[in-house]
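By letter and in written order, the chains are A, B and C; residue numbering begins at 1 in each of them.
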Amino acid sequence: MMLARHAEDLFWAGRYIERAEDTARLLDVTYHGLLESPLLNAESAWRELLELLNLDQVFGAKGVPITDSAVTEFLVLDPKNAGSIVRSVARARDNARNVRERISTELWEAINTLFLELRARDLRADLEREPYQLYRFVKSRCQTISGVSAETMSRDDGWRFLLLGRMLERAEMTCRLLSVRFGRSNQAAVPSDLHYWMAVLKSVSAFEAYLRAHRAQIEPQDVLEFLLLSREFPRSVLFSLRASETELVRLGAETTPTRPERLLGRLRADLEFMDVHEVVESGLPAALDALQQGILAVADAVERHFFRAAAPPELHVFESA
Amino acid sequence: MTSDLFTDYQRGDFFDEVFDPQGEIRPHYRPLVERLRALPPDELLRRARLRDTILRNLGITFAVYGEAQGIERTWPLDLIPRIIPADEWRHVERGLVQRVRALNCFLEDLYLGERAALRDGVIPIWLVQSSAGFCREAYGIPVPRGAHCVVAGIDVVRDACGTYRVLEDNLRTPSGVSYVLENRATLTRVLPLVFAQHRVRPVNHYGASLLSALRNLAPASASDPPRIVVLTPGIYNSAYFEHAFLARQMGIELVEGRDLVVDDHVVFMRTTRGLSRVDVIYRRVDDEFLDPAVFRSDSILGVPGLLAAARAGNVSLANAIGNGVADDKAVYAYVPALIRFYLGEEPILPNVETYLLWEPDQRAKALSRLHELVIKPVDASGGYGIVIGPKATEEELAAVRKAVEAKPRGYIAQEVVALSRHPTLLDDAQRDGCRVEGRHIDLRPFVLTGEKIEVIPGGLTRVALRKDSLVVNSSQGGGSKDTWVLAADENGESV
Amino acid sequence: MRFEIDYTSEFKYPEPVWESQNLLRACPTTDARQTLLHYELRTVPGARVHSYIDYWGTRVDAFGARAPHDRLSIHARSSVETRPTGPMAAAPAWKRLSDPAFVEAHLEYLSASRHTAWNEALRAEAERRAAPAGADIVGVVLSLHRMVGSSLAYVAGSTTVGVDVNDILRGRKGVCQDFAHLLIAMCRSLGIPARYVSGYLFSESSESEGEPQGECVKVKTHAWAEVAIPGAGWWGLDPTNRQEIGPRHVKIGHGRDYDDVLPLRGVYLGGGDHHLDVCVSIRRGASAQQQ
C-alpha cells in the first residue's frame, strides 16, 4: 500500500522513460532507413512516423513542411511538443523528483543526469551533425535507467507501478508501430521490400532476434506475428502485456481481480490465441486498432482504480450570505 | 617555534567559549584544542574537504530566500565542535523544561481554559488579542494531555558574563533538528579520534523520541499503534529536506495536503488500496494554510475539514494550532511572569533584557538610546526586519524611530547581547590553509513534549560566519557547529 | 414573539463536485432577548454534522460530502422565542468611552477589521455627523445610524462581499452587510465599540399588531450592528431598515465583521462554478408568553 500520488508518479515516470526511448529508437531507424534507401519517399516516411506517434496533427498545426530537420527537431527538442524526447524526459524527472524519497539515490541520479545532460547539449547541432550519436545516447541512458531501477529498487508496489507504466507504454508503442506499418494498407499494397521490413524490426531492436527465430526469411506476416505474439522477445506486444499483467496481479487484492486486471487479462488472452493469418484475412486494421484501444482502456482503468483517490488540485472556495 | 592554529586568535571583549578571560583554555576544551594544534595544516584542509564530500553525498542542503538560482546550497558546518560540560547543560536543560511547561500551560489556559493569566493581569489582554499569532479558530480545539508544543526550538545565547539567556521561543514549526543529526553524523566521520576522546551524549535517538511524543498525542479513538504522518508543504519548501529526513527517521509516511482527505470528520490518506485512517499529524505547514475551509487562503497546501476533524477529537495535530501567540516577540517579555504564575517557580533561564515600547517610560528611554539597542518588530521571523542599533545607519535608525512612534505596540527593544564567541575555522586563501577566528554563536535546543518534557542534548549551534556579524540565521548566511554535551560521571562532573 | 425558521441552501453544480467541506452559521443564539427552543439540521447527501461554539459564541455546524455529487441541500429548522427590549434610556457622558476598563472589555470591537477599515475621509464624515449631538454618546450613535440609513440606497445585489467600506460611503449604495459595516466603521472611528450581527428579520408585510399566526415571509439572512454604550450594554441598531432592533430580529451571532459570522463558507473539489440558492422562510408561531 502506498500513497496514490506516489504510485501515479512512478507509473508515469515509467511511461515517459519508455516513451523517450522508443521515440529515439524510431527516429534512429527512420533516419537511417532513409539514408540507406534514398529511393524511399522521405516525406511519406516522416509522415508515417508522425502518425505512428499520434503527433501528425500537432505537427501539422505548426504549418511547416515535412523535412528531415523539421520533424527530427520537433520530435527531439521542441518544448511545445508534449511528446518530444526533451519533454518526456523532463516529465519523467518531475515525477521522479516527487517520489525521490521512495526511489534509490542511484535511480534519481540516473534520471536527473539524463535530464541535465540533454539540457546542456546543443541538440540542434547534434541533429545536424551526428544524430546517430544523439539517439544512441538517449537509448543507452534510458537503458541505464532501466538497469539501475531493476538493480536498486525493492520489488515493492512502487517498483510494480514503475514497471507497469513502462510495459503498458511499450505495448502501446509497438501496437502503434504495427498499426501504421501494417494496418493502414490493404494486403496488396504491403511493401515487399526487404529493407522496409528490416527497418520495422530494427525500430524495436528485434532484427537479430527475429533472424534467430526465422532465419533470413523475412515475410511480412511472420514479422507481424513475431512482434505481436513472441513470448520471448521482450518488446513484443504479448510479452509486454504479460509482464504488465504479472505486476497488476501482484498489485491487486487477494480475493477478486481488480477491474484493470480483468480488462488486461481478457486483452492478453484474446491476443494470445489470435490466429494471425485469419486476422489478416478478415481485417487487420480493425484488429490492431481494437488492440490499441484495449491497451488504452487498461491504462485508464489503472488510473481510475489506483490513482482515482489522488485528487485534482482544483479547489473552489465559496462564501454565502 | 612554529605557530599553530590558535596563535593569533583574538578573544576580543566577548565571552569566549574556549578561552577564559586570562587566555587559558577552559578545561572541557583542552583535549580538543591540543588535538587541533597537533594536526598539520593541510590535514585540517583535507578533513574540511572530506566534510564537504560527506555533506554533498548525504544531500544535505538548504535553500536561501532570494537566491536567483533557487537551488540548494551545501550546508555550512564548521569543523570545530562546540562543547558544553555536563553541569552547564543540566542547568540549561532544567530551564528549558520549565519554560516549555509554562508555555504549554499558557496555551491550554488561553484556548481551552479560563484565561487566568489574562484575567489576573499577568499579561495584558490587548497584547494577546492583537497578536498576529492569536488564533481564534483554535479556540475549543482539544489538545490531548495539553501538549500544545510537541516540538519547541528555544533559542539560547550567552551574554558577556557567560550567563545563558533565552533569546526567542519558536513554537510553531521550528526547524533545524535534522542538521543537528547530520552534523553529528558528519563530524564523527571527519574527526573520529577527537570524538572518541570525549564522552559525548548521543543525539540520534531524536526520531524515536519524537515518534514517542507524537504517539502520546493520539486521540482516544486512535488505533494501536496510532497512525502518524508528517505533513509537508512539498518539495519547494525550504525545509523539505528536514521533513523527508524526519519521516524516514521515524519510519512514517511523508504526505502533502492533497494526499489527505477528511470524511465525516475523520482524516484519511489516499492510498492505492483506498483510504487509510490517520490519527496524528506532525504538520510542518503553517496555521494559515492548514485548512482552506476555515482559513482565508486559496492554497492547496492544507486539508479541507482538518480543523473540524481535530475539534471532533478524531485527529491530533502537532504542533497545535495557535501557538504563534506564545512565541510572539511581545509575549516573550512576559514569559518569566507566566512561569511564576503557572508553576509558582522562579525562572531558571532569564530572558534577554527587554523593553516594552508600548509602555511610555520604557519607550522614551529606549528611543533615547536607539543606537545602543536592538529593535525587533513583533511580527517577524528568520531574523528579518531587525535593526541592530550599533550597526545601523542614520537612515535606518530614523526609519525605525518613525515606525515605533507610529505603532508602539508593534515593537520591542532589547539590549544588544554580546553573544559569546567560538573559535571557527575559516579558509585562508593566502596561506592556502586554515585559520581560526572568533565568531558569534547561539544555540537552538529542541524540546519535546511527550509523556515527559525531554530536551535533546545540545541542539543546533548556529554561527554568524561574517566577521563581527551577530546574525546567525542560515537563511542569511550563517553556519553551524556540532554541539557536544559531555556525559557526567557519578560526581556529576564531565567526563 | 415566537418564530419557526426554515433556512435552506441549495447548491447546484453543472458538473459533479466532490469532497466538499462546509461551515454553517444559521442557528439562532440564546441571550438576554431571545431563547432558542429547537434547532435541527439535515443535509442531502446526508452527512455527519459536528457542531461547536466558536470564539464569538456562535454555533457552527461543520459537515462534508465526500462522494461526487451534483447538488447539495442544507436544511436547518429552528424555533426561537424573542422578547422585546425597552428603549435605550441611558445617557452616559462621552468620557466614559475612555475608561480603561471599558476600553479593555471592548478591545476587539474598537479596531478596524478587514471589512471596517476606515480612512480619514470616513472618520471626518463621522465626526461631522456626530458634532451636533455633542458629548452625548447615544445621540451620536443615533445620528450616525440615521445618516447611514438615509445616505445609502438599498440595492440588492449591488455589491459583493468584500467591498471596501470607504467605497460604500462614496458610492452611497449597498446591501445590509454594507449598511452594517459602514455604521460600525463610523462608530469605531470615533472610539465607540461596535460589532456586526448576523441574523434573520421577520420583516413586516403588514404593519398591524396581532398578525395572524402561521403567516410566513421569505427573507435572506440579515445583518445589523450592536453598539456598546457604557453602563448600558449592547444596543442593537438596524441601519438598513432604519430602526432599533426589536422582537422581529432573530440573532444568530456577532463578531468584528462579516468574516467572523458569515452564514455559510466552504470548499469543494472539481467541477466548475456553482449555483447557489438561499431561502429563509420565517413563520410566526404560538407564543409561549403573552404579548
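We take it that a residue touches a chain if its C-beta (ideal position, glycine included) is under 8 Å from a C-beta of that chain, and two chains touch if they have at least 3 such contacts.
Note that the coordinates shown come from a computational prediction; the quantities given were computed from them, not determined experimentally.
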TODO: Name the shape of the chain contact graph, picking from line, ring, star, complete and other.
DONE: complete
- [ ] Taking each chain's centre as the mean of its C-alpha atoms, give the chain farthest from chain A.
- [x] C
Open item on the list: Taking the mean of the C-alpha atoms as each chain's centre, how many Å separate chain A from chain C?
Closed with: 61
Task: chain A and chain B, separation of their C-alpha mean positions in angstrom - done: 50
Open item on the list: Counting only Cα atoms for the centres, state how far chain B is from chain C in Å.
Closed with: 44
Open item on the list: Touching at least two other chains at once: which residues of chain A meet that condition?
Closed with: 311, 315, 317
- [ ] Scan chain B for residues touching two or more other chains and write them down.
- [x] 261, 292, 304
Task: Numbers and ranges of chain C residues touching at least 2 other chains - done: 19, 265-267
TODO: Spell out the residues on chain B that touch chain A in their complex, using ranges where they run on.
DONE: 59, 235, 244, 247-248, 253-256, 258-259, 261, 269-276, 292, 298, 300, 304
Open item on the list: With touch defined as at the start, can you tell me which chain C residues reach chain B in the complex?
Closed with: 19-23, 47-48, 50, 52-56, 62, 64, 66, 104, 107-108, 111, 259-260, 265-267
TODO: Name, in rising order, each residue of chain B that touches chain C in their complex.
DONE: 125-126, 129-130, 136-137, 139-140, 261-265, 292-294, 296, 304-305, 308, 311-312
Task: Interfacial residue positions of chain A with respect to chain B in the complex - done: 1-5, 7, 97-98, 100-101, 105, 157, 161, 251, 253, 306-307, 309-311, 313, 315, 317
Task: Complex contacts: residues of chain C adjacent to chain A - done: 9, 17-19, 161, 175, 177, 220-221, 223, 262-271, 273-274, 276, 278
